[in-house]
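Chain naming follows the written order as A, B, C and D, and within any one chain the residues start at number 1.
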Amino acid sequence: MEPRQAALQAAFTRTRRQSLALAEGLSAEDCMLQSMPDASPVKWHLAHVTWFFETFVLAQREPPPAPFNPAFKVLFNSYYVGVGERHPRPERGLLSRPSLDEVLAYRRAVDAQMAALLADTPLPHSLLDLIELGIHHEQQHQELVLTDLKHHFWRNPLRPAYRPPEPLEPADPVPLRYQAFEGGLVEIGHDGEGFAFDNETPRHRVFLEPFELACRPVSNRDYLAFIADGGYDRPELWLSDGWDTCQREGWFAPLYWQFTDADRWTVFTLHGQQPLRLNEPVCHVSYYEAEAYARWAGARLPTEQEWECAAQRWPAEAAPAPGRFADAGAYHPGPTTTGKPVHWLGDVWEWTQSAYLPYPGYRPADGAVGEYNGKFMINQMVLRGGSCATPSDHIRASYRNFFPPSARWQFSGIRLAR
Amino acid sequence: MEPRQAALQAAFTRTRRQSLALAEGLSAEDCMLQSMPDASPVKWHLAHVTWFFETFVLAQREPPPAPFNPAFKVLFNSYYVGVGERHPRPERGLLSRPSLDEVLAYRRAVDAQMAALLADTPLPHSLLDLIELGIHHEQQHQELVLTDLKHHFWRNPLRPAYRPPEPLEPADPVPLRYQAFEGGLVEIGHDGEGFAFDNETPRHRVFLEPFELACRPVSNRDYLAFIADGGYDRPELWLSDGWDTCQREGWFAPLYWQFTDADRWTVFTLHGQQPLRLNEPVCHVSYYEAEAYARWAGARLPTEQEWECAAQRWPAEAAPAPGRFADAGAYHPGPTTTGKPVHWLGDVWEWTQSAYLPYPGYRPADGAVGEYNGKFMINQMVLRGGSCATPSDHIRASYRNFFPPSARWQFSGIRLAR
Amino acid sequence: MEPRQAALQAAFTRTRRQSLALAEGLSAEDCMLQSMPDASPVKWHLAHVTWFFETFVLAQREPPPAPFNPAFKVLFNSYYVGVGERHPRPERGLLSRPSLDEVLAYRRAVDAQMAALLADTPLPHSLLDLIELGIHHEQQHQELVLTDLKHHFWRNPLRPAYRPPEPLEPADPVPLRYQAFEGGLVEIGHDGEGFAFDNETPRHRVFLEPFELACRPVSNRDYLAFIADGGYDRPELWLSDGWDTCQREGWFAPLYWQFTDADRWTVFTLHGQQPLRLNEPVCHVSYYEAEAYARWAGARLPTEQEWECAAQRWPAEAAPAPGRFADAGAYHPGPTTTGKPVHWLGDVWEWTQSAYLPYPGYRPADGAVGEYNGKFMINQMVLRGGSCATPSDHIRASYRNFFPPSARWQFSGIRLAR
Amino acid sequence: MEPRQAALQAAFTRTRRQSLALAEGLSAEDCMLQSMPDASPVKWHLAHVTWFFETFVLAQREPPPAPFNPAFKVLFNSYYVGVGERHPRPERGLLSRPSLDEVLAYRRAVDAQMAALLADTPLPHSLLDLIELGIHHEQQHQELVLTDLKHHFWRNPLRPAYRPPEPLEPADPVPLRYQAFEGGLVEIGHDGEGFAFDNETPRHRVFLEPFELACRPVSNRDYLAFIADGGYDRPELWLSDGWDTCQREGWFAPLYWQFTDADRWTVFTLHGQQPLRLNEPVCHVSYYEAEAYARWAGARLPTEQEWECAAQRWPAEAAPAPGRFADAGAYHPGPTTTGKPVHWLGDVWEWTQSAYLPYPGYRPADGAVGEYNGKFMINQMVLRGGSCATPSDHIRASYRNFFPPSARWQFSGIRLAR
């Protein structure tokens, strides 16, 4: 077998297992929750990533195998118009049938077919590309399983804990320092080593003015100062749409924060309701809040080009060890050696001030799989860096995450630039 | 033990068992479905009726027993402001916790306490009244379990069947005849025999002009003629609000009807997708549709007073046998002897042209339980007669059901008057 | 000429003039205002009542005369589906063309044709009936001109005054006494003397239990006690839909009330912003507020049958003198002699607890004019008595006004019963 | 007097006169129309631009003069939070008072004060800057007067014409050719000559790959081919948000297009309803439509940097003659000489694929006037080039216009790039 096929075989097995590990401890009822149209049930995620392999890999074979269940073609199609009809997104929580057990059987059936395929004679590169895409697609949904589940559970007044609380060492506060970068004509985009989504390509040149980037994300302690200074009551700090959203939604702090009777802030986490840890990166803020915070702090958000330029220079060891599954919502004590960034990768996604738009010369893939990224290039802002909920081998310097500026349920935080 | 207490003891046991029987065959996932704010999950119904006994009966004892779970006080309070906070109705489907198993344990715990109480020394009448109210309350929710579940399942494109299809004898069409009533000064309202809700009281006199009532409800066959005659396209047949609703919602037939490729109508039932049975009463129509149909047919809907006046005269044997649980959504072949009504009780609720308002001298009960009926006396129309989903011993001549004029998910049909 | 035709000729002239008098002092800009979909511009009212005569009277002639402007057939059709398309109600304020001047020319043209018709040979009764209907129709819109204009002006922070303030004698408070009525079998509905709308017919018998009616409406002073007692903060006083509306809309007092810095209430009136007069009838309350007030006061609202029964007995002299145009929003000092009602007619419309439904045997007129009343018989409550904005010769005992229970922009108040 | 002050004096007078010229022929009723929250009444525009001079220039003097009317501070504040409260934007059409006459008097009063000020001793540069800003601000609103009025009138079924139709020479179709640009490191942003808004600064370097730009905008003829090819029915051509918007809004052609019985397209223009001119630039398309069209055509939209790079090279004579007021909605026959662009400036605003974001180093002005541009830098796309409704001396290469991607009521069209 070719080395690439063998590597994908291993990655496939590992990734599929990891998805099941995420669902451990959840009941069938838990896996059906849908708290808002943007957040899908865990059961749906488990089925959809399976549908992806069935639709884009298995069904491409000649002759195509019989589908596990023909109805799944519609039920678990997320947004691929080229594949046909889709079950409406806000109604994913109304599917008590198929049951979680049936979805797990669906996974096993597709896994078996995939295993047979991958153990087979060498597969063409085009098919290996789709399998690789499917693996990275499933990793994306692993993060969504966690972000969505957190939101689902938060709507239950019982505030269930997904995982038991893990007492963490209190981290010492790290002073906020800026690191200077020269800018100039730099190359941005995926360099061709390993996998990348189409939206990271083509690699291209951009011209950057000199800039500085903060050595760590904004912490909860920093953010409390913004709140205490009336941050949520001063329209002059906000973008106009941001202020309107803030007023309409009644925002007064990041999502999941709660001010308790005892004059203390607590936060809802995947480990249940917890006291706020002051030295952790602030999390679950919208772009609007990030942008307002930066203005208040006399700084700004980085562009995605600045961010990637820095990522090319800053050491990879700042990233969490590959294969380690990060504690959801918790804190990675990064290296604190002077001059090196802390919490650089794998803590919180960092909002950039770049709109999510195609790179010069961008071309989506042919066929339905071309809908993966390109058709969402409007009304969204780019986030960089990966979060504690991102599989650590899914994080890379050129990775472009994107969400609307009002989104708060992702593990999104703030890194300042100037 | 006093006979009344003994009778309630038996009724309590029977009713509680019947609720569980309704949930048989449903998974925990099925029991969590909430397809719209008006329709609650089966699990919530099972818990709420239990909460009713715990709150209004058990908690009245001195000293009050410890609650099964203090959080349930809020979670399973439907609308009793006097009891305190309520979990928001549209979010009942977001409660994966407590699990169905915990809710069943809750039922067992309350049942045990109730059994002990009822086996005890003679209870005061005021407490027996509340127990009796709780039993009838649970019977109301038994019907809602079925109407709500039907709606939940209908939103799933797999169209699950709650119960296997039961082939029914094709019923012969019954000609539509009218029966004349003299009217005059008649007495309306509960006569004091057996249980009644407060909204059926006080008994009082009304003056009725002579009227005629159809001997059977409008059938699917009748209603198809209305559709074929452009009933859904002719605003002159409709109330103004009805026409607006019809246009906005895109109504073209009763709820659950579907026009299939093969030029035939099918309907979604609790037994799955079925062909339309022409001689059955038309079901799942709103007041607007019922009223438009009546206008088209050159007739009108009865008032609730006319309906009750007829019910006092028509024989009780027209009702389904007590204790028999009607097939949900199906058809009761009633007596067809000339001069006797068919499908009089227990097929479909019959919309009347009476608004749901207090009877002269109406007084709700004291305390939170007084919120049971009175505070809903606006913007709703009265339905009479009981449906195939109503427990047969819950049907009586003076019973006042009520829903907004746009509601279609109840087993609601049409009886003509003139 | 027949006496009836001569009388209608005079009434037509008088009524048409009265409409123009209402528009005196308003600019073309004022006449175009539309502050909400329910409230139409003055210009639209002036045109629509003219359209009524053109459509239902002039266009019935053979051969029909050329329309003044063919586009008006659609623009000024309110809701008559039988006549054809209608310009959308919420967009009536977007018609800068035709200008007010053109609408006034339209009025003159139709008036001239109507004058010629009425001076002609004796007209058939069916046509005289339509002319009479058109006159009463225009009187209804005269009241709407005032209620709508008040709402339009209130949305302007400059708070324009329609008419200069008229200092009124302070009225002495009148003690709230109840008058007893025996009830029994009484006749309700129009008795055939003079004009009536179809919804007041047919006259029919109803049986009433003995009841009492308050001798005057609830005053602002009375209502302030309700507010002071937490009336707007106590859900147990409200119907469920009423409480939801109150919360959603942020009600804290009747419409147009404002709490000023100086610890005093003021109200916006057609005479501008004014201090609250304590002894005037409370006005601009919804049915929900009226019903909650009555519950708080230990009383209830009358049914429309009780109200009409009392109106048949109470003296006509309690009504304002015919032909006198009431000061909009102001107070009629009525007779205060003990034992006689005060403010019985012509102060505020009084909410009854009766839903607006057809009388037994009700039949709307044939043709499009049959849409006048019948198709609105749902989701509305009946008001009785006429207001200070009602032309005084438009008030009668059998008159049924109707609005949804949430409506507050009419001159609507409260009379208690028990 | 300093030359700059003299030049501003002349520009002030000319600009103020031009605004009044735009309102000629409109009635007070026309000037009050507000067809949607985004489009303001003409009267409001006339007052708001006056308020700008009163607030940011006159009120800065020491001692500040008495305001013309203190209420105007709130009524005519558009969005300057730093100035204080604002009248709600959707309610601008509810202001019958102040009348148009009062607003014109307001203009005269402020003009007189401004004239005195400008004729005075040399003014400080900071004040001259604000006066210059006010002049350009008023020019922006001159375009909005036309775009908004077009929308207001279009909602009237009478389809009023703002100006009489002017028969234009039929233009010959110009073949669509592309012009190549080398790109490289280019300078973008205002170069300091003459006035610019803050969002055009600072001038900065960007790196561009080689690109090509079409020599003319997409014509109606081109766009009809897109429609005929199912452009509005093929989701694969659209951005996801674009397709959702298209479906929700029922788009089937650009705004103002109407398919008439006679198998022909007509368009609503400021000259009334007109046949579609095939060789004119397509207008009133959203970003979504522009982007879908480009995809269909195998091309793309330019970035704003590419556009400006081309504008620096293409000859200024392609622009309409300064001082000439373009026919609203009509067509400028530009130079057709081979190798030169046609309709380059002053026909339609051209959507770029650039999000409206701050240039590197952007700093808004201090004080309330700093809210002019910066706070809108989210959720909008940049348009370039000026339209037939833009005052011709208001058009420049570095000008950045911006609207949300769904906006269609501006004079917005399409230029292709590749």
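The working rule: contacts are C-beta pairs under 8 Å (C-beta built on N, C-alpha and C of every residue); 3 or more make two chains touch, one makes a residue touch a chain.
By chain, UniProt protein names: A, B, C, D = Ergothioneine biosynthesis protein EgtB.
Please read these numbers as outputs of a predicted model, since none were measured by experiment.
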item	value
Number of steps on the shortest touching-chain route linking chain B and chain D	2
Averaged-CA centre spacing for the pair chain D and chain C, given as whole angstrom	47
Gap in Å, rounded to a whole number, between the CA centres of chain C and chain A	60
Distance from chain D to chain A - Cα centre to Cα centre, in angstrom	38
Junction residues of chain D - those touching two or more other chains	none
Complete list of chain pairs which touch one another	A-B, A-D, B-C, C-D
List of chain D residues in touch with chain C within their complex	27-30, 32-33, 35, 71, 74-75, 87, 91, 93-100, 152, 155-158, 160
List of chain D residues in touch with chain A within their complex	79, 81-82, 185, 204-209, 235-236, 238-243, 287-288, 291, 303, 353-355, 357-358, 360-361, 371, 375-379, 405
